[in-house]
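Before anything else, here is the set of structures, which you'll find just below.
Both of the next two complexes hold chain A, though its partner changes from chain B to chain C.
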Partner chain A sequence: MLRLSSSSSRRLLNAASSVVRTVESRGFATTGARRADITLTVDGKEVTVPQGSALIQACEAAGASIPRFCYHDRLAIAGNCRMCLVEVQRSPKPVASCAMPAMPGSVVFTNTPLVHEAREGVMEFLLANHPLDCPICDQGGECDLQDQSMRYGSDRTRFHEIAGKRAVEDKNLGPLVKTSMNRCIQCTRCVRFANEVAGVEDLGTSGRGNDMQIGMYVEKTLASELSGNIVDLCPVGALTSKPYAFHARPWELKKTESVDVLDAVGSNIRVDSRGVQVMRVQPRVNDDVNEEWISDKTRYAYDGLRFQRLTVPLIRQGDRFVSATWEDALNAVAQGLQASGAKGDEIKAVAGALADTESLVALKDFINRLGSDNLTTDQPRGDEPPVHGVDIRSNYLFNSTIPALDKADAILLVGTNPRHEAAVLNSRIRRNWLNTQMEVGLIGEQIDAIYRYDHIGTDLKAVDQFVAGKGAFAEKFKAAKNPLIIVGSAVAEHADGAAVFKALSTFVQKNKDRLLTPEWNGFSVLQREASRTAAYDIGFVPSTKSKGVKAKFVYLLNADNITPDSIPENAFVVYQGHHGDAGAELADVCLPGAAYTEKGSTWVNTEGRAQHGRAAVPPPGASREDWKIIRAVSEVAGVTLPYDSILTLRDRMWEIAPSTVKYDETEPTTLDISAAGLASMAGLSAGKASGVPFRKPITNFYQTDPISRASVTMAQCTRSFVDQANIADDAKLAAAQTA
Partner chain B sequence: MSAVRLARACLAASRRPLPLARPLHTTAARSSDALFVHRDTPYNNPQIPFEFNAENLKRAQEIISHYPTQYKKAATIPLLDLGQRQNKGWTSISVMNYVAKLLDIPPMRVYEVATFYTMFNREPIGQHFVQVCTTTPCMLRGSTEILNTVCSHLGGIHPGDTTKDGKFTVVEVECQGACSNAPMFVVGDDFYEDLTPESSKKILDAFASGKKPKPGPQSGRQTSENSAGLTALTSKPPGPGEFCAEEFR
Partner chain C sequence: MLRTVALAGRATRSLPRATRSLASQAAPAQPQPPAEPKTEGSVATTFGEKSDVPAAVEPQHVVTADVVSGAPKQLRHRVVRIYKPTPTTMQSGGSRNPGWRIDWDTAVGGGRWENPLMGWASSADYMQGTRMSFSTKEDAMRFADKQGWDYYVQAEGVQRIPPKNYAENYVYKPNTLRIARTK
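Take a look at the complex of A and B:
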């Protein structure tokens, strides 16, 4: 089936005039009018495509495969590689099918001697300056140039390079992307990606003709959260992954389809592993979530899975941990629980960002069976019931869903920096902003965004002002047909959180006709932690009663963002998780769990979309899948949980929250229920405004969780992008190391 | 200037005689990176301030006003030219950054333009910029000799070099569109045409002594009219109404 968004056809029309758009020149086109379909003949077959499609898309729709380098269906059209030449009847020369709009009635041939010769010729020119270094090139085995030259190229060379091939200096793009610019075929995919999608407008082409090269002209690094995607886009080995360099060949890797858990977007990924090691993480296409991009943290934090791991159960003896058998460790937990004398809400569970849904359910059942409701999360104010409540899903979900970001025509961000909290989602906002007259407003700390925004204010006062309809942005918002309010997860953790939710939900109620209709839900909460939505879905929240109870027994499930003073002295602390990070340090007993690449588990993203994570490699050492550990603990604690297999556990999930096992779907909340949710928030008692400004919850995008904190690559990113270390120094260092 | 010298060294290296076993043509392998990547130097780095003077700023605003506001970037080339003129004939990184700031576009967009067009000099040049045309028509009319004369007369420098006193920079350029008066060179903004080695030397000497010789054909002919005298349109042109009937005169 041919997928063609109206924006891509618009891009086609714009392509000729602006290959690279700048901040200033937002296109004029507004909503893409639905175009009529046209019919043409490709290789004797009739196809019907929407008007404005590129010829290459029509050929694909007809089942003809067209070789290409520069064309990419999510980027503007450049038409500079000429590999996609096809023959069109009554056209004197072969035409570049990617840059040619499909015309009604035209007769196209993709498999004639002329086309073959044209492809062979283009291939020959491309290879003229391309080094013959496939054996030492990391792209080998997944290189478009290699594949297409096998398929369409000549089998011998006529080019005898006496004066040598063109040589281009390699660029230093930072710790993630390795360059080998001799191999570049100037397709400009990377340039278009950086400018259009990632919003770093520093990458471009300098020089011309044979001397043209890709780079930034001045020396700097490619500072974007999405930079890793240019490695995938590059059809040759000019841009490869630095951390993965020379580690594996694609054909040695086992590929496991999974989901990312380092933010709450739930990007679809493919985990490539060899033996027991994760070798790399690649994106998987899912148009509703991440399209085909993933953030650099998702892609490169995997080396953190190798370091700082808890591989055996540990029991604290004095000031050190001693490794133990599972039996001893479990007994120690049971004894600790008993010796602590904890009763009822004094038994406290804290769930962190990387806890999967299965283990959350198991832990909740376990703690409930012990007679406690003290189920908390490790975020600020995680030990109070969340202000928005969890009874109605629409109060904490990204209700509009991610694809709707393309349709919004005014977006208000409250207390959030989507660039760091959901980098991939943020690129959709940029795309919409570039292609339409959509306006963005922000209440909260100023951010370094990849689109322009109106800064309304930093605190509750600004929210009140906006709600009262005062200010330029409020006016624009009023005029919008599809307005969208995105409330950051940090708002609920803020002292004025209740007041914000109250004000905004009252506002939504008042503007129901635009913000809450059968087609449009304009009130969205952007979560930033992978486990949070699931925790709310299953009711993993403290009761009002349990708040403030001094815990005597604390069970930390992947809770690493806690502060030590949130744990009362003398409490018996169990930490279950996969990394020796902040949580394990506080523990009396550590139970080694599995990381997300090592277990089959369920993750619910910020939209409420449940997705399967799959095990790519076995958990290291004696570590086990998390729900099994909780099941075992429950047994020694004398409150055996009634499930022995993942299937019976998922039955239990179905009982508590059916949405968590309806995989790959978002279940929209009905209008009535959403309205009830808003009413409940509008009825909140706001208390006195603190006036504290909303802060960005993430200060360092590259290190937000135990995996990325253990990752060497992420530490290097922090050094060069967050601390802005001088890249010239780095280059010198690298030179010294290789010398 | 080391970049240029390096490029030239490579050029020279590639000119070694080839074994004639195969009829083969190659282009010079140039080390292009030095030319298309900016490296900070004491004389060219972003810390050196650059700003249009009042007069140029006025002209810049006038140029910008020719374009719709969202297409301000269309003014990139004229503004770079203004900048180059103000900056002693070369476009430093500060000039590019300033133009980018003025037009509110990412600096890379300006770098792209400045590196694409060869008339933006990204290295300093001498006071008089001598561009000798060596494209086919000029070459057929003896531009090689002109180039050699210019180079040797300026103290044996090579194309791409600047004389020691900083007065002249000589480069080879492609067709300037004055082929009918070949051979020719350009000094600053003026064309000197119909050159001979002698007239070339005279022109250079005049510039060296601070004078400005008269631009145009040096052979004395009018623009590009036939140097051997007119062969057509030699008779007196008819005056107005000359052949008209009486009543229409």
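Take a look at the complex of A and C:
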């Protein structure tokens, strides 16, 4: 809930602030489960926590901070570092507070000489084998071991081993995670993360005692799209970020809280920048969206922001681009529009994946003012109205919302691979799958998932089969209390899309009592592009009339998945965006825009949650914020848009789609409206089944958009994770063929 | 939060030059008299009595500090952000987490550029290095009010940590084993 206020509207603000949801801090009252509470005393303070909490949680709730290395709020408890020792009355020894359940009535001390001495002892053991390389360690300045040794470390050594400190071979985990295993303190956070969250079950420990090592046992990279998170988790500098190695210290960085746009989850991120460069991207905690994790693309594609940028306006002359001033470029656009003779729907706009909501609204207004309805999105079949329609939001949103994934007890995936389309969301499916008896079914191309699933089929036939209640998974789905259907965005692009939506919505209608109740909305569409939901929200879709009209003037807004043959010959093409990628190649005029780290703009994620991205660094060169460019173009084209500031533009957004400016909220669609949406889809006329199997829309997770395609790190990931897999697949195929 | 945008629009009293559109020859928007919120007034009043802003801040009577402080007029035209910085994910300790903060959005254009002589970052924006910490959101809002700054408040990120238990590692689960917890 982002609120804007002026000093002259404070009364309103008073009114507004009381609706600010009292946002839960790291508290216990917020746990959903109704458990009995227990009361205990920590440092003389009474504290009440839910039964089944760990003692460390109770201490935290009482405001006592407990040093820890292995305990992590979002991982299972290991209890192997012993740093969290506390004194419990009538217990003969100090106890590890993370591995000890909080007991009613117990009396706990976290700050006594005994506790200090115990922790100092633990620290001494840890440091005995820890190298003294803080000055050259990337963790320096944000290291738990460094900080805690300031308090519990001893000031002189008793370590006089002739053989010196333990030495461990570094492991090669791939191009993202740099290892320096001498520094490892065997907390096993990385192991637990890989096993529980990322689903890479090969990471583990081998050996014991002084010889214990973290690794895969055989030489192997950490092939997971969440692997970057272990860099954050590692309490010491054993796992650090390879692309960021030796680049900056945390205290030099300016931290800007923003949102990610490289998939449609809208992960909350913190952009750390120095000067005019983005140095790294870190997750921001938000349990409604990404919890504490972000995908590797989100985290590491930032170096793509430095390469291949459009920094000045470019005008095509013959077969090359010459740089121009803004004035010339804008005039060239106006002249091109005139010279092309485009009228009505011959003026076409294509909105790509990285277009922010403000510029989408401006572009739609601009194109509409020119008398055209030809507003298309940059995806297969983007030039026809989407099959699910956009009149009712619940037809294209992730209605169940992301946190509800923890409650589902049967999930059907249709034509989607959440692992690549929404990696962070996928980890929630895995968690639920691990912790409950939840079952997953898949219709579509087989995927390399991080949970086991029933493969029902690959095409429309399988959908029909499922809807008819045939097959083992359909039985399980029938028995589920909170069943969830996740339809991939690629289904709407498929030739049988209408038939799938028709079949599934009829199914939902029939099973309303379980799939569409006041508490549960079991029909969700998973978008994969950051701009898509917003585009549908504001009605950035072509009209039936405009379909098939041969465009004479094409305005590409961040459209980089475009194919040259979708642009008619002799059309005048304007490209607006931040990278010289597929779209810019086709353009007659390129207008340099700002990337997501360089503008304050609105992004709507797949749940329909509007979030505010913030500018961390200024846009390079002469590039400008995107909506301003469209505003300027509209002026030279003679149809001036009526907004001069981002605030008046947001007023306009409020007029056409209020949900796009209600920040940090998801607005559930009411039952009646959802039902109406389903009815409209159930009434679709499905043509003849093409029988073409559903394909995964993303073949290479690491390179999906101009930013990640320009990124060196992502190219390295492609080489070591995607190409390797392909090579292995090819080898298997070849072996199968010769056999 | 029906008022969000109504508020957004009202903050346009006077537009900073910097936010004028690129090639716009249009005159900067005229200061607009604060209009009533566009949305249902009832919403505002429903919540009106139960405000979490201390009553002491009766908005109409605040004499903004810049009348006498000599702060540049332009500051008035910039919306500041009030937010609670997220705890870092790199560390588990809590003492580095400040309370609420006020800072300024990066100015496009004059924000920062690389100095050709030294390669350092230069800036024409005197607020780009400034941030202020407050212990509560209300303090921050009151401060902004007193300075006469427009502001927006960003909600904190949500954290829900379930009760955790070491024994969960060994809980029996029926059906096929899905994870081997001891590694």
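Everything below uses one rule, namely that the second predicted complex is superposed on the first by the 687 of 739 C-alpha atoms of A that agree within 3 Å, B and C clash if a C-alpha of one lies under 4 Å from a C-alpha of the other, contacts with A are read in each partner's own complex, and residues count from 1 in each chain.
Just so we're on the same page, a contact is a pair of C-beta atoms (placed from the backbone, for glycine too) under 8 Å apart; a residue touches a chain by one contact, two chains touch by 3 or more.
No experiment lies behind these values; they were computed from the predicted model shown.
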Chain B versus chain C as contact partner of A:625, first or second or both or neither: second
First, second, both or neither for A:661, with chain B first and chain C second: second
Partner chain(s) touched by A:150 [first = chain B, second = chain C, both, neither]: neither
First (chain B), second (chain C), both or neither touched by A:204: both
Which superposed partner A:276 touches (first chain B, second chain C, both, neither): second
Chain B versus chain C as contact partner of A:255, first or second or both or neither: second
Contacts of A:217 with chain B and chain C, given as first, second, both or neither: first
Which partner reaches more residues of chain A (counting touched residues only), chain B or chain C: C
Chain B and chain C contact sites that coincide on chain A, given as residue numbers: 20, 23-26, 201, 203-205
Touch list for chain A against partner chain B, complex: 20, 22-26, 160-169, 171, 201-208, 210-213, 215-219
Touch list for chain A against partner chain C, complex: 1-21, 23-28, 30-33, 35, 49-54, 57, 65, 67-68, 71-74, 76-77, 79, 98-101, 139, 142-144, 147-148, 188, 191-192, 195-196, 201, 203-205, 232, 235, 250, 255-257, 268, 270, 274-276, 282-288, 292, 326-327, 330, 433-434, 437, 451-452, 594, 598-600, 612, 614-619, 624-625, 628-629, 631-632, 635-636, 640, 644-648, 650-651, 653-654, 658, 661-665
Complex contact set, residues of chain B against chain A: 14, 18, 22, 24, 26-33, 35-39, 46, 70-73, 93, 103-109, 111-112, 115-116
Chain C residues within the chain A interface of the complex: 1-13, 15, 19-26, 28-29, 34, 37-38, 43-45, 47-48, 50-53, 57, 59-60, 62, 64, 79, 81, 83, 85-95, 105-109, 111-114, 120-121, 141, 144-145, 148-169, 173-176, 178-181, 183
